[in-house]
Amino acid sequence: MKVRYFPGCTLKTKAKDLDRYARLCAEELGVTLEEIENWQCCGGVFTTATDEIATKLSSVRALMDARDHDAPLVTVCSACHNVIKQTNHAMQNDADFAKHVNLYLGKDGQYYGEAKAIHYLELLRDVIGFDTIRGKVKNPLAGKKIAAYYGCLLLRPSQTMQMDDPENPTVMEDLIRALGGEPVVYAQRNECCGGYAVLEDAAIAKKNSGKVMTDAASHGADMIVTACPLCRYNLEKNGTGEIPVVYLTELLAEALGVKEDAHDAQ
Amino acid sequence: MTHSDRLKEQILRTSGVNPLKCMRCGKCSATCPSYDEMEYHPHQFVYMVETGDIEPLMKSESLYKCLTCFACVDRCPRSVEPAKLVEAVRLAVIREKGGNRLHTDDIPAKLDDDMPQQALVSALRKYSK
Amino acid sequence: MQTVTRDMLVSRAKALLADGTVDRVLGWKAGEFTYDVTPGVFTDADAMEKEFVYGDFCGANFSKYLLTEARKTEKKVLVFLKPCDTYSFNQLLTEHRFDREKVYAIGIPCDGMLDIHKIRTLSAEGVTGIDTDGESVTVHTLYDGDKTVARADALAERCVNCKSKKHVAYDELLGEDGEIIDSARFDEVAAIEKMTPDERFAFWQDALSRCIRCNACRDVCPACTCEKCVFDNPNSGVENKSPANSFEEQMFHIIRAFHVAGRCTDCGECSRVCPQHIPLHLLNRKFIKDIDEFYGEYQAGEKVGSRAPLVDFMTGDLEPSEAVKRGETNA
Amino acid sequence: MQVTEYKPKIVAFCCNWCSYAGADLAGNNRLNYPDNIKIIRVPCSCRVNPMFILRAFQRGADGVILCGCHPGDCHYTSGNYYTRRRMALLFSMLSYLGIEKERTRVEWVSAAEGAKFAATMNEFSAQVAALGENKRLEDLRCKP
Amino acid sequence: MQRIGVFVCWCGTNIAGTVDVKRVADALRNEPGVVFSAEYQYMCSQAGQDMIKNAIREHNLTGFVVCSCSPRMHEATFRKTAEAAGLNPYMVEIANIREQCSWVHKDMEIGTEKAIVLGRTAIAKVNLNAPLTPGESPVTKRALVIGGGIAGIQTALDIADAGFPVDIVETKPTIGGKMAQIDKTFPTLDCAACILTPKMVDAAQNDKIRILSYSEVTDVRGFVGNFSVTIKRKARYVNEEICTGCGLCTEKCPQKKVPNEFNLGMDTRRAIYIPFAQAIPKVATIDADYCTMLKTGKCGVCAKVCTAGAIDYTQKDLIMEEKYGAIVAATGFNPISMEPFDEFAYSQSKDVITSLELERLMNAAGPTSGQFVRPSDGKHPHKIVFVQCVGSRCAGASKGKEYCSKICCMYTAKHAMLIRDKYPDTEVYVFYIDVRTPGKNFDEFYRRAVEEYGVHYIKGMVGKVTPTGDTLRVQASDLLANKQILIDADLVVLAAAIEPDKSARPLATMLTASMDTNDFFTEAHPKLRPVESPTAGVFLSGACQGPKDIPETVSQASAAAAKVIGLLVKDKLVCNACVASSDEAMCNGCSTCERVCPYGAITYADKEFRMPDRTTRIRRVAQVNQAVCQGCGACTVACPSGAMDLRGFSNKQIMAEVDAVCK
């Protein structure tokens, strides 16, 4: 099966592993991520103001592409996913907003939220299925205590994201289990890492990421897994350095046995 | 309509938030990761917008401490959505001429080798127009 | 032009008669002219072959006939339903007016039916026959020879403003099912709402004063299935057979519209059969529009068993004073 | 200039439990309201059939007011909620037909609101009087 | 043709001061149907009533109109007068010429003219009056109480005290409900079991009360005074009559790992069990979901050890049908699930518990035998944080309930106080939004917690609980200090919102009783009939009607019992005479009327009709149950065919009044 794929800026530069393994793993699991043409940066954050129109157009164009290809729009980066999903939700539910957006779009066509935006994790869980994945695991992550870090963007606002229980999410834990690892459940996994504020105020990021790392460590995590490049950056910068932070696609690639292949190919 | 009435009307409109729904439980502030960095806390944003006391908020550094993590939005028992108010007030500031908080020229100095692009675009979108 | 042909209907009906599923068929019967098709009951293949017609003037909604026909049959009665008819069909089921088990419903698609009144206005009086060919209609007239009008211009009002090409009930569907249409059926109501009260009064005075109280609207209406109509019942207090003055008509039509409010599916039969061409659907649509705007969208007959807005409420419903204001300022 | 005061004919339907009692209270407190208003007692405002209202107009009433318990206070729990929908639609329809909307009204009057009852009646009577005689909805046959 | 009498009352000068009563009487004499007209000073006096009675006899009156004060005042009086003179009481109409005429007008001319119109209107109506006989229905002198918590027990005891038999249907194996799980009660701090269990015993020993435990109501038919109820007695695989409650089986059963619901899953029980020591009936029950014998056919230990021979693995559900005159819903409440609120880490840590779990933890018969220890490690907690309003007072898209659960403020004060009292080495924090303590000695109780017991009340809410090592890091706001604070707590207690029991909604459907959007039963009138459902014969007791504490529940339970007794003492129910009735010849059976009836008084029946052509036709028609109809008339307007009419306020009568007013 083929899905439309929105990689996002960071995955083309600093987070190439997140992108590369996402594609390899999907391919291994029978799904081709087709990168949409001429995609534009999502903007990193969804501006909640009702009169912010232009900042959401790139998401709408990506969604239109998915609609025109009659396929879901998949993103791996939590930030891109958050922006696109919230934009799609607004297009479906806020008639006034949709009207304004369509005025901007003009001859590019009209859009009313017909496409479905899903995160890579939802692709794994809802389309491919964890049971299928379990069956394809070549190198089980046995004995590894892995702490999933969700941060904010995957889960919130929960009414819109509809990804998982925002206070007690299980999708990554279930994935870790499917890959043969042992998930570590800790309360700070859905708290913020400090996000973009790191640019202005490194202390905020340090404080928040520090809390997350400490909590994961105190629960005996060997490793932290995340879907967001900025989370990874903040956690790595502010951890004690003992617990590695990896992308979920890296972990998946390792378990599916496609990681070495990729290295070989290089 | 006084200036502060107009400001309040603008904030309510752009945020889409009704501060009258607030029952003053303070859960937003209890859950806020940037609480200590803020001069005005999420529950104060709600209350001060309700009373039309918006100018102090516009002058406050608090605007740039919100991480837009939506914890206050998700955990609010009354569905007030305080983060949207913070954003609306911040927009009211940075949309003004010369209101930008972050300038592109400032960015190189703030970078390190690992900083993801995502951080730059997000910060620019949040802090500048 | 209809995508389902007469032959298809006849052969299906004959098959069902032959295999004993049904023992009677509700269908359209040829009249004197092409355009005066009447409803008929066919009990054998012969009659079907000879008298059954299907074409541009087969607008009659048979749902109401099921009340009597379903009672007569030992097996089932076969009925052909256009999309709009299926809403009446469901509404009657909601009101327990016939036994669903006694009916075999075949849904047939519809491109809209023609309005002979419109055709006469567009062409000439003395119409003797009509041929439809694609998008144009050839009208044979007694005095003015053949005239051609566009099919679109000759469509009945209710078909121009068709609300749904989707069947909401059937046992069997011939052809393709369509979609619910976002029609402009409330535009005319909105236009009247925009008038001044004096203009509105003049409009309705003009329309309703034409009424001859023939009761055709009531008799054809699938929502008017009372055992005894209040207008025929000396105990109701509003019994009145013939019009005495202009208010009688208003009274009749207001009460009738109110009685069907929330139950009217907007099938348009009332306006179709009115010999005086009173736009009666505009009364029903006013109620439908108000209901949609005041209490949320509701389409009678969409689902069997749905709770009509007039037998339902919300504690926060709007006040009548507010409703009247809104009805006027809709403009 | 001699002016004969025009008195519109007004029918007031009052529910037995709230509004009729409210009218009684207005009497107990000797609160004046126009004599041209005549009250018809019904068990609940939901007993009022639109036919009654049309009948009143047909027989020469210039205005019709319907009073019931406040929403949520209905003696029969939900009667006035139905009334509210019925009258919203009926009045909207009358206005659509060009009948002056000021001739019809629904007012919620509790048993404790004698003053409100009197004030409402004064106000409604003045409002209908301002429109003059009801011509549009009158059956001429029934004029004396 | 009616023969109508008209009686105009002076009411001293109350009417005669503004209305020329003589002129009124004279004018009305000429109205159609009137054969007699007179005026008198006080019609309601004995002399006035005698005058009416004499006129009835002398003039063979078939009905009369009294022009007097409001019918709300003396309609009943004059109806009795009519009855005394042999006239049907419903042949009387009152023209209200005092409250609605003489008292509101000052001008004699105006008052007189209006009085004539009002009299004329009443005459027009009485011309169309028909004699009415209120229906009667017998009363089955037995009550059903659904739910065996404190509400149901109290209601049953009070009804039984009045001498009427009562059945209590309880879904659990024992009665007692939530109160049996509670440790102490506020504001007196007496032991809940000590005051509840004697009542349970009273109920068990009362020969008027039958306890149907482990049973469910599956169907309700009929109406006030005449309910027919189907009850399913679930198989407990133990013969209730024989079991002595010795408990031997519950000790020997090898299946030990069944979560103990009585202790909210904090410990385990056996597959055969008695919920708690004071259970009523004190008999064992086999949990079929866990019993090895029932699942695999291999075991039978309990049967072997039972000396009474009470175990019966072949027992089947038993369906019984009983008749009742009144039904009381007492289905109670439950705390809501804390799963959606995992910011408080309820599912992540055993040391985050609900208040009801705390009750069990503090109870001497609880899972820790009353030792106040942490569920995770059995250590004594030192810092305890209480979080109020978890899931209460929520709005919009957020999870939770919109209402205030009402009992949490008080039980939290109780818990905090008890902990501080018994364990002075603890620090107790209560995070509150508002402290709501209306009630006798309630606020004083809460103040004692603060002032005498040193409980720290903090105005603010907890935002996040992070289990860290062996503590729970509580992040909260202190709004008065304008600070965000962190407390490393040992135990976090959540005041979970309460909701109606899940069985309430299907029960309401069976009873045709109405419910609000939260699934609480609605009362017939929020102020004046708070313990009755709008459906006649159905009464409400306890928290199924709304959140309530124990004293309130008990008062409501007794109030409901009083209402039930008031109903059961009657041999026959006299129904309202002014009820709806359907003209079957005109009825379409369209079900529109049924939908607006607030009382469920309308049912449908297939009836055979003879048609003009001598054929017969079976038609569905509406039938009004006169015992249930309250006469609002909603159905009469909903009915499109006009088949439904209201006696005493018929379409024709009201139209005649309209015509008379407009004349």
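Should a chain be cited, it is by its letter among A, B, C, D and E, assigned in written order, with residues numbered from 1 in that chain.
The rule is short, and it goes like this: contacts are C-beta pairs under 8 Å (C-beta built on N, C-alpha and C of every residue); 3 or more make two chains touch, one makes a residue touch a chain.
Quick caveat, the model's predicted, so the values are computed rather than measured.
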Min route length, chain touch network, subunit B to subunit C, equals 2
Remaining chains grouped by touching, subunit E not included = A, B | C, D
Using C-alpha atoms only, the most centrally placed chain is E
A-E against B-E, pair bridged by the larger set of C-beta contacts = B-E
Computing the C-alpha centre of each chain, which chain sits at the greatest distance from subunit A?
-> D
Inter-centroid spacing, subunit D versus subunit A (mean Cα positions, whole Å) | 64
So what's the Cα centroid distance for subunit A and subunit B, whole Å?
-> 25
Between subunit D and subunit E, what is the gap in Å from one C-alpha centre to the other?
-> 35
By residue number and range, which residues of subunit D touch two or more other chains?
-> 50-51, 55, 72, 78, 82, 86
Where subunit C touches two or more other chains at once, the residues are 230, 236-237, 310-312
Which subunit B residues touch at least two other chains?
-> 71
Report the complete set of touching chain pairs.
-> A-B, A-E, B-E, C-D, C-E, D-E
Report the residues of subunit A in contact with subunit E in the complex, numbered from low to high.
-> 159, 165, 167-168, 185-188, 191, 211, 214-215, 218
Of all residues in subunit C, which touch subunit E in the complex?
-> 71, 94-97, 223, 225-230, 233, 235-237, 259-260, 263, 307-308, 310-312
Would you pull the subunit B residues touching subunit E in the complex into a rising list?
-> 21, 23-32, 35-36, 41, 43-44, 71, 75-79
Under the touch definition given earlier, write down the residues of subunit A that touch subunit B in their complex.
-> 8-10, 13-15, 41, 43-45, 47-52, 55, 77, 79, 151-152, 155-158, 166, 191-192, 194-201, 203-204, 207-208, 228-230, 232-233, 236-237
Residue set of subunit E touching subunit C in the complex reads 585-592, 595-596, 604, 617, 619-620, 638, 640-643, 651-652, 655
